[in-house]
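Both complexes below contain chain A, partnered by chain B and then by chain C.
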Partner chain A sequence: MHTIVFANIISMMAMSVTLTMSKTNVNNFAAATYGTVGIYVSFTCIKIFGIGLYPSLIFSFIVGGIIGVATHILLIKPLKNRGASTREIMIATLALDTVLIALLNIYADFLNQTLKVMSRDFTFKPYDFSLYGYDGVFIVSSVILISILTTLYLLYTRTKIGIALRGMGENPSLSECQGIDTEKLSIFTWFLSGSLPAIAGSLFPVYYISNPNTSLFLGITVFGSSILGGFMTIYDATAGAYIVSFAQIYLVSFLSSIFGSWVLSYRFLVPLTIILITLLIFPQGLYGLPWKQLAEKLGLLKEKGEGES
Partner chain B sequence: MKNLLSLKNVNSGYGHIQVLFDVSINAKKEDITVIVGPNGAGKTTLFRTILGLINVYSGDVTLNGQNLRSLPTNRIVKLGVSYVPQRESFFETLSVKENLTLGGYLLDKDEDEKIMEEVFQIFPVLKRKDYINKTASKLSGGERRMLSIAMGLMKKPQLLLLDEPTGGLMPKIAIAIFEKINEIHESGTQVLMTEEKAEIALENGDTAYLLVNGQTSVHGDAKELLKDSELRDKYFGLV
Partner chain C sequence: MIPGIEFFLTLIIYITIFLIVTLSYNLVYGYMGVPDYGRALAAAGGGCLAGYLPGRLMMLFLGMQGDYFENVFIIVNEINQVLRANPLLSITLLLLTIVLGAVFAGLLGLVVSFPILRGIRMFYLAISLLAIHAGFQIIVYHWDPIIRGEFGVPLPDPFMWIANYTPMGISTGVMRGVIIIITSGIVLLITAYYCNSVGKSPLGRLLKAVRDDEKSAHALGRDVNTLYLKTMAVSYAFSGAAGVLFAYYQGYIIGLNFPREGWTFWPLAMIILGGLANNKGAILGTSVFITLKRLIIFYKSDLEPILPFSPIWLDGLLLGLFLIILLIYRPRGLIPEESELPFDKEKILKLKEKK
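Here is the complex of A and B:
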């Protein structure tokens, strides 16, 4: 159950990275920290305003979305207007990540010193519920992930705006020439890219101790998932997130059972290794794999097998 | 005849690199206006200037008297200008139907279906069951041009800008494309096109401009320009 919850959370964060990359060509290193923003929005709702964990997700969704849009309007758009390269914009998002983490630390200190609330190294476990033996966070994170995947699938395939979003990802200039307001679609994309990790972040402290620096530990796993997915579709990002999350948790616990608990400190080597393998062997990730040929090959192997028998 | 589109002393380019120098063009209503010129003359830049896709340093671009300068591209398209680029003129990863849907992005659903049927009258091949859901990248060269022009028509434009509509196509297919362009023009859409294949373009055009090194050096009746032996020899590659 823990692993699935972790994978669901990483999936939503990896979707954010993939959305901004595939639709606006921005590699956003601050995506995981939007998750920490979600953690502190829920923390504030619970501790200061007495709102429950799950109702607080609405506020995380909104605040995360606003921060996503602000990133686009205040940082990405001005840089693009000045002709900044993709690499320069990527570095700017790294700077944003650092600034956001610093602000979250300041906010945690404010809560601690002014309002006397313990704002570091906390969990939301006491605020979760249980249904038929399943933890609420397992049910809620799974329902949210499936809902997002279904909604975005329907949006991308059944609506004009969704098709326009796919078109904008492929060729923004041609999209403008079709009369599509790419600025509005970019704002929509950035809203989603902020709100999805923020919701995911709100769920993270149920199982894991959290603080303002949590994203530093999630970032590599999130990027590993997006790179493995191939940065193109949210479905590949989800598949990448599940593979990386399961590998990170099961492989490390298997190795620690053999070599001892010191191995746990090196758990981030798993996503790092996956990143290396992906970039070296299939740089376009799961998206770029020739699935059709692989399926055909598997079919051929089956036929051969039948012939041999 | 009234001018639909006017460019007056336009200077434009990419960043600090100027490509067009004092270009003035009048595209009259009911005319097919052709811009001919050698490779690198600035024909594509001219269209990108009209669409607001690049910097206009000075001069005026007007449609029906309304200045297009400083308007974003999607607003210019809303005013009735439809652009069919020479390259990257459709979305490769989308199906034929999805491309046409984006072509008619500004239309409401009922209008969308109606215009799509009208477009299918001109390009019946695109309606075929084996084409409509095909990924656009799998189409042949001629089919790709048809799809691009069909996307342009989906906007029900006042003015259709065609950038090298027959570029890279076999002569037989090029002639078929020009037949379609004439059909589109007869249905009431104003056409402004650039073309490297000077002879076929001038034969099919009403007014023509010769663009050389970013400047409009000669203009006049398309058929008359075609008869000019100096131009035929020097710029059109015809003897």
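Here is the complex of A and C:
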């Protein structure tokens, strides 16, 4: 149950990275820190305003979305307008990540010193519920992930906005020539890329101790998932997140049962190794793998030419 | 509170050490355009070697017995007594560590260039290098045999002999600061001379050509991959030497001494502030930012009662904000990169006339 919850959380964050990369061509290093913003939005709702954990997800969604849009308007857009290179935009998002982490630490200090609220190394476990033996966070995170995947699938395949989004991702200039308002679509994409990790972040402290620097550790897993996914579709990102999360938890547990508990300290090497292997061996990730040929070889699909006559 | 002599000594030490880092980083990032966001690895390599090797070497040299890590404080104390009485041995140990630290960091530079040879560029390269540094940090922090993991190790002090030479009642601490400045100053001069020579040479123009259009440089017969390898190795070697100096200056090293903020992103901000592919700019950017950082640390206790948060977070906040503002409003830095001519203008005119 813990692993699935972790994978669901990482999936939503990896989707954010993949969305900004595939639709707006921006590598957003701050995506995991949007998750920490979500953690502190929920923390504030629970500890200061007395709102429950799950109702606080609405606020996380909105605040995360606003931060995503602000990133686009205040940072990415001015840089793109002056013709900044990909390298400069990358540094800008890294700088944003540093600013957000510093601001979250400042906010945590403010809560601690001024409002006398313990604002570091906390969990939301006491605010969770249980249904038929299943933890609330397991049910809610799974429902949210499936809802997001379904909604975005329908959006991309059944609506004009979705088709326009796909067009913008493939060729923004041509899309503009076709009369598509790429600015509105970018704002929509950035809203999603901020709100998805924020919701995921709100759920993270139920099982894991959290603080303003949580994203420093989560970021590696999130990027590992996105890279394994291939940065093209949210489904591949989700698959990548599940593989990385399961590897990080089960592989390390398995190795620690053989070699001893010291292996647990190296669990973050798993996503790092996945990143390096993916980039060196199949840089396009799961998306770029020849699935059709693979299925044909395994006999799951009829080989070319067979049955055509 | 007015800063005293110790503040200025620390400031100069930090500026000289970080100048070595930024000048060498500028070769890779500014001149060649490699998004090396794992640059902290270079200094960490040098620093970790300084934590691992000199104590053991001195144990061998002095014929000391026992497990180094089990009795590290006692052994280092005994080594320091010997070093205090023997300036020549101290200087030899210092030079040897700097050279070996540079070689080790240079080798790390070759290893991390592997993704470049595989054709990985831009974002994917950036994330690979970030990942490699993060992995190195995790291993060093958790694996005891290198530098005792999270506990860290004290280093033998090759500057201790200066305590025997304190003229006019100058304190040992001040004299130690002065000798560290002289040592790091010499390494800085070598680095600056090399980087400046490269910048003004055809090699510097080739590096810029690869940065601006790698395919064209390759099409014109340049061996781009070898160029990447050599530049990364040399640049990492200089930063590794800086890591050794920093470790010796601190006297103690743990795996978290070389975080990405301090040893990758701050140097990056320094380069961008000064101006890419511009050594004067790197010097200016480093001096400005290091002074600012040291002033924040110095006035930390004065700021604490005023601010409702710890002033240590100002470091990251200012780093990020400076970078963002620079990238939006001053992307070419305070001293923008100038187009370089292979000869002076008169010579070019003469060549034209000849034609």
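Observations on the structure shown:
Operating definition for what follows: the second predicted complex is superposed on the first by the 299 of 309 C-alpha atoms of A that agree within 3 Å, B and C clash if a C-alpha of one lies under 4 Å from a C-alpha of the other, contacts with A are read in each partner's own complex, and residues count from 1 in each chain.
The rule is simple: a residue touches a chain if its C-beta (ideal position, glycine included) is under 8 Å from a C-beta of that chain, and two chains touch if they have at least 3 such contacts.
Just so you know, these numbers come straight off a predicted model, no measurement behind them.
By the document's definition of touching, of the two partners only chain C reaches A:92; chain B does not.
Put simply, more of the residues of chain A are touched by C, taking chain B and chain C as the two choices. In the overlay built on the shared chain, the residue A:164 is in contact with chain B alone; chain C does not reach it. By the touch criterion stated above, A:260 is placed in contact with neither chain B nor chain C. In the superposition on chain A, A:79 makes contact with chain C only, not with chain B. Contact with chain B, but none with chain C, is seen for A:175 once the two complexes are overlaid on the shared chain. Only residues 27, 75, 78-79, 82, 84, 86-88, 90-92, 94-103, 105-106, 109-110, 113-114, 220, 223, 227, 262, 265-266, 268-269, 272-273, 275-276, 279-280, 283 of chain A touch chain C when the two sit together in their complex.
Remark: chain A residues 83, 160, 163-164, 166-167, 170-171, 173-183 touch chain B in the complex. Of all residues in chain B, those touching chain A in their complex are 15, 51, 53, 72-74, 77-78, 83, 85, 88-94, 98, 101-103, 105-106, 151, 155. On the chain C side of its complex with chain A, the touching residues are 33, 35, 37, 114-115, 118, 120, 122-124, 126-128, 131-132, 134-135, 138-139, 142, 261, 265, 268, 272, 308-310, 313-317, 319-321, 323-324, 327-328, 331.
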